[in-house]
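Chain naming follows the written order as A, B and C, and within any one chain the residues start at number 1.
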Amino acid sequence: MPLVRIDHPAILTATEAAAISQAVHVALIQVFGVPADDLFQVVARRAPGEMVVSPQYLGIRHSDLAVFVQIACSPGRSVGLKEELYARIAAGVAAGTRVPADDVIINLVETVRDNWSFGAGIAHYAVRDRARPASAS
Amino acid sequence: MPLVRIDHPAILTATEAAAISQAVHVALIQVFGVPADDLFQVVARRAPGEMVVSPQYLGIRHSDLAVFVQIACSPGRSVGLKEELYARIAAGVAAGTRVPADDVIINLVETVRDNWSFGAGIAHYAVRDRARPASAS
Amino acid sequence: MPLVRIDHPAILTATEAAAISQAVHVALIQVFGVPADDLFQVVARRAPGEMVVSPQYLGIRHSDLAVFVQIACSPGRSVGLKEELYARIAAGVAAGTRVPADDVIINLVETVRDNWSFGAGIAHYAVRDRARPASAS
């Protein structure tokens, strides 16, 4: 269900980009309970100048290694789960790349369950919700 | 009103990319009743590694031809209309390209009508809704 | 808080791209009251064919200089403020580039305050809102 857009500076290696991709996916699985095979991401390499980032905001300092992670996902997760997701993503990115946790900017865009098709023109969650109206995720 | 982001693998030809663009637009016209001259899309060609796609999810298999279609649009369409839109887009893409219908991933992001300006700094729908509060579309 | 995606045709110069980036940021500061150091943008240079734009919609004509400005931001601004934002962005872009005001397409995507992390895995606004439940912005 999540469609993830990762934007990262071109100075990161392909290995680091893959580590960011993986860190985001693992956090979504572990914290939001996303199925392991529910993986849809655009990982965009950005040339110098294509990412504009404040050097500091809310006491957090940003460098030229900053990455953006924008996640379109279904609504309904608690604030506590969202906080755990952000912490897990930032820690995972910092563990697998040169990007410090401070440089991981995250934004969720929640969009209702009938707004998704995972292929074949089927609204998978709408179909499932009709069958099991009270189903979770 | 829709702002459409299409991400497709670079192995598709320019002709195929244009066919995807057109298939999405025609489906929006025919199913959502979008005006024919309401056409705003980013069609992004993605290098290998920039798109990360699960090989299979919910029984649908995905290949290295998978495309993402993310559509920001006004809210209010019924689930039935959304289902028809997905079916029409997937069929149109499959008819005009090598991309099978299974590889067409679609996500809608609904955003209210006063969130749009189509140029000249005017909030076109907000202006229209003030004039005709009960207007459709 | 805003995460801004600017898509512009590659025929614009780097100076013009920077002027668009700056015009959007200044308008967000002056109209939406966004802090000056709350600056997170992707400014994407698009090759010919990557942007598909209607030649005319709602009486506004578009050229091959058209730019898209998509802003993910917190909800709650009035329609009047949004209208002022659009006007300010369009005027600022027209003043600093060859892009006419008619060619500035804007879309807001509003997403709740606990959907943001500005680094270090912290949900900054969620933390702040717990401390000051009635806080603005």
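Here is the rule we go by: a residue touches a chain if its C-beta (ideal position, glycine included) is under 8 Å from a C-beta of that chain, and two chains touch if they have at least 3 such contacts.
What you see is a predicted model, and the numbers here were worked out from it, not measured in a lab.
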Contact graph of the chains (line, ring, star, complete, other): complete
Taking shared numbers over all numbers used, above half giving same and below half different, the subunit A and subunit B interface sides are different
Rotating subunit A so its CA atoms sit on subunit C gives an angle in degrees, to the nearest 5, of 120
The distance between the C-alpha centres of subunit A and subunit B, rounded to whole Å, is 21
Note: subunit B residues in touch with at least two other chains are 44, 109
Subunit B contacts subunit A in the complex at 7, 44, 46-47, 49-58, 60, 62, 66, 68, 70, 79, 82-83, 86-91, 101-110
Per the touch rule above, subunit B residues touching subunit C in the complex are 3, 14, 17-18, 21, 35, 37-45, 72, 109, 111-112, 114-124, 126
